[in-house]
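Step one of this worksheet: look at the structure below.
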Amino acid sequence: MSPLRRVLPHVVVLAVFAVLLWFLPGTIRALFGQASVSYVTLVTNAASLAILALSWDLLARTGQVSLAHAAFFGAGAYSTALLSRFADVPLWLGIPLGGVVAGLIALALGPVTLRLHGIYFAIATLSFTEVLRAVVHQLPSRIAGGAPGLNVPALFRPTFVAGEMERWEVAFIRNEGYFLIYAAVLVFTLLLSIIIQRTRLRYAFTAVRTNQEVAAVMGVNPARTKLLAFVLSSVPVGLLGAVAAHRFGSVNPFETFSIHTTVLALVTPIFGGLYTTVGPLLGATVLAGIEETLRRSLDSGYMIAYGVVLVFAVLFMPRGLVGLLGKLFRRRREAAK
Amino acid sequence: MSLLDVSGLSKQFGGLTAVAGMNFTVTGGEILAIIGPNGAGKTTMLNLLSGLLQPTAGSIRLNGTDLAGKLPDVRCHLGLGRAFQVVQPFPEMTVAENVNVGALFGQPGTTAVEAEALTRDALMTSGLWHLRDTPAEDLTLMQEKRLEIARALATRPLILLLDEVMAGLRPGEAREAIDLVRRIRDTGVTVIFIEHVMPVVKDLADRVIVMDYGRMIAEGSYAEVTANPAVIEAYLGTDEEGEDAL
Amino acid sequence: MDLSLLLQAITSGLLSSGLYALVAIGLALAIGVIGIVNFAHGEFFMIGAFLTYQLAVSLGFDPLLSILVVAPLLFLLGAFLYRTTVHYVLGAPELNQMLLTFGLGIILQNLALLVWGGDPRTVPSIPYRSLSFNIGDVTVGAVMLGSFVISMLLVLGLYWLLYRTPLGRGMRAVAQSRIGASLVGLNVDRTYLVTFAVSAALAGIGGVMIAVIQSPSPTVGLTFTLKAFAIVVLAGLGNIRGIIWASVLVALAESLIANLVPNGDSLRNAVFFSIIFLVLILRGRRPA
């Protein structure tokens, strides 16, 4: 079966999914009225989590466990912040720029860290993130804003027109706008994930992850494969960082490069199920819901949930939610026989 | 022109000399055995050929092309296939998918359709066709070894390097393995194999090279090298295994 | 260059190296003996610091006294965590082990955040905090000197443990060969338990000292995990003896840059991370 035929059905499903996402905000508004403002925020957070998870999973497929996601997120965020500050171009251009910058950084960082495996790679990527944060912090304030950071203009500024809309609809339109951009990035990331899953790249990635030497003598170039994965996984995160910068209105070295991003990025796919497309999506949906609930009751420290989930997943769920569900279905099928 | 030309090949690890001044050629279509006591440098030799190690001196030419500095995946493209002693299948994939990796990447520019055909051929030759959809982690030892060979075959090698394939096999399985190697040679692939089990070497090898302490101490037919006093000395002198080996 | 400034920087660096060595050696133990890179190591350190704070606030304990409480408490915590979680991933791939300890670290850090909030806490009313004396042009803080002395005593004590006691012999045996050690009748699992607990206790004691030296916040853990790791990698994995030299090197580098380079203080952490990064990259480049 040619690769195109293998990819096509999934692309069709993806297109349907994209359409559903397009209509989601409107549906929420119709169902929930004023409460929809926060529901749209919730699904936006879920989408954000899914993008982080899918992209982290992409890299993990080659056996590279990265703790640098926050670096790419921050790079994307600062790219758009600097662009809007110094260049007279449409704001939205900052978003693809964020992706490009992240990809370039990955292109530079990849070859340097290639020979490291396992824990060393993880720690090197973590150190890199901290160094990048320190560099941004140290840049002259006129350029990068130093410790307080920079303000980032909003992408959507809907105006309130009395009589034509309720007050909350202003917030809704704004949230809807951001959600749609997040959704676009999500669809893009899903497309990447599908392409890798359904073409020969899947074989290359899995081979490199399992055993680099065996992969090499079978004709797979481990270095090039790993670098490709590194770059591909960084672009969505850069895009995400850029949108987030506009959405939250500011960047600063501490929050934008926070390890929180990395933690979210790795816990979610592990919980959902690594090396699949559904796993990160599923994990993101569940965890976004849990996080929302927890954030209301606990002020700081709600991240503890992620720690618990991670420990739990490592100990009891080696294949994540996807694995658990698979086992359930298999058992039901056995029972039915 | 010979298919493989090894000249002055040496490998040092700090103070330890693993391989020293190996000189030999391999002609297309022959089955060459490399034997020698434990620690003689046989696997190092294979790793040097595959490109997993870089030599400290000497050269390797495949079809006239110097392999110096060429990475393992490039050497695979040039025609060197390798099966490892300790089989490591890609556990999350089926047998067919494992072989498909070799088929897709063994030679650059292979389309998915071509790869499918190559996979089928490799599975048939190795006798694994009936197991093609089995997860690779569920295989028996003999089946794993067949998989290892099938993976290497799918890369369309000119030369297949085998490392102690017979290790751990029962006599009946060893017989199957011997037949498999012969079948492979009949498809036009040259075979270089390391082996400890002497009856297999006697049965399969057209030519034998004996290594000891990294050097070649004898070369010739099985009968010739086993009658060679230096070879006997090397085996008996090191451990009891020599007695059983010969 | 101002000579007295240089001397001061060197002195500060040397004195800090004690604490770094203490924290690093605990991590080196865990890595060398158990084979697990404990991402939560710095959190033990952090908990030691916050327990010190709490003991001072609630019971008026002097930090020196707190050591006697913190060490056994953290020993128990380490033992508990080992028995309930770490024990189960020892046979698993390295990735799983790393993720487990990473998760434990997140849990511990956020527990601290829940209990104490995110702001730095200063341990109140320590009479000797600002005590210092001068040697020539150089000012030596009593607290820094004290922490150096205590750390070095503990490090030396650990060496004594490793090389002169049956327990330590057991640890070294297990570090060299798990199978060999169990073949001669060593209870490998109990050795792991004790090692993990000891490494937690050592980190905790380090935390007691940092609570006096500066005002820690719950996020200080990860930084110290990485600093400890930098030292361990610099010394060479499994090389426990080299820890002291590596600690001195790293502490000196940090101190020199913080004191002598303009704006150096805020670069402090960046220095550490750059060192880790470079060491890892350069070590990774050794030819096959």
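Read from first to last, the chains carry the letters A, B and C; within each, the first residue is number 1.
Here, a residue touches a chain if its C-beta (ideal position, glycine included) is under 8 Å from a C-beta of that chain, and two chains touch if they have at least 3 such contacts.
For clarity, every value in this text was computed on a predicted model and none was experimentally measured.
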>> Which chain is most central here if centres come from C-alpha coordinates alone?
In response: A
>> Going by the contact definition above, tell me which chain pair has the most C-beta pairs touching.
In response: A-C
> Any idea how many Å lie between the Cα centroids of subunit A and subunit C?
Replying inline: 33
> From the C-alpha centre of subunit B to that of subunit C, how far is it in Å?
Replying inline: 49
>> Taking the mean of the C-alpha atoms as each chain's centre, how many Å separate subunit A from subunit B?
In response: 44
>> If a residue has to touch 2 or more other chains to count, which residues of subunit B qualify?
In response: 52
>> Residue numbers of subunit A touching subunit C in their complex, please.
In response: 65, 112-113, 115-116, 118-120, 122-124, 126-128, 130-131, 134-135, 137-138, 259, 263, 266-267, 270, 298, 300-304, 306-311, 314-315, 318
> What part of subunit B is in contact with subunit A in the complex they form?
Replying inline: 50-52, 71-73, 75-77, 80-82, 84, 88, 90-93, 97, 100-102, 104-108, 111-113, 115-116, 151-152, 155
> In their shared complex, at which residues does subunit C touch subunit A?
Replying inline: 37, 85, 88-89, 92, 94-96, 98-100, 102-111, 113-114, 117-118, 222, 226, 229, 233, 263, 266-267, 269-270, 273-274, 276-277, 280-281, 284-285
>> Show me the residue ranges of subunit A that touch subunit B in the complex, using the header's touch definition.
In response: 1-3, 200, 203-204, 206-207, 210-211, 213-222, 275
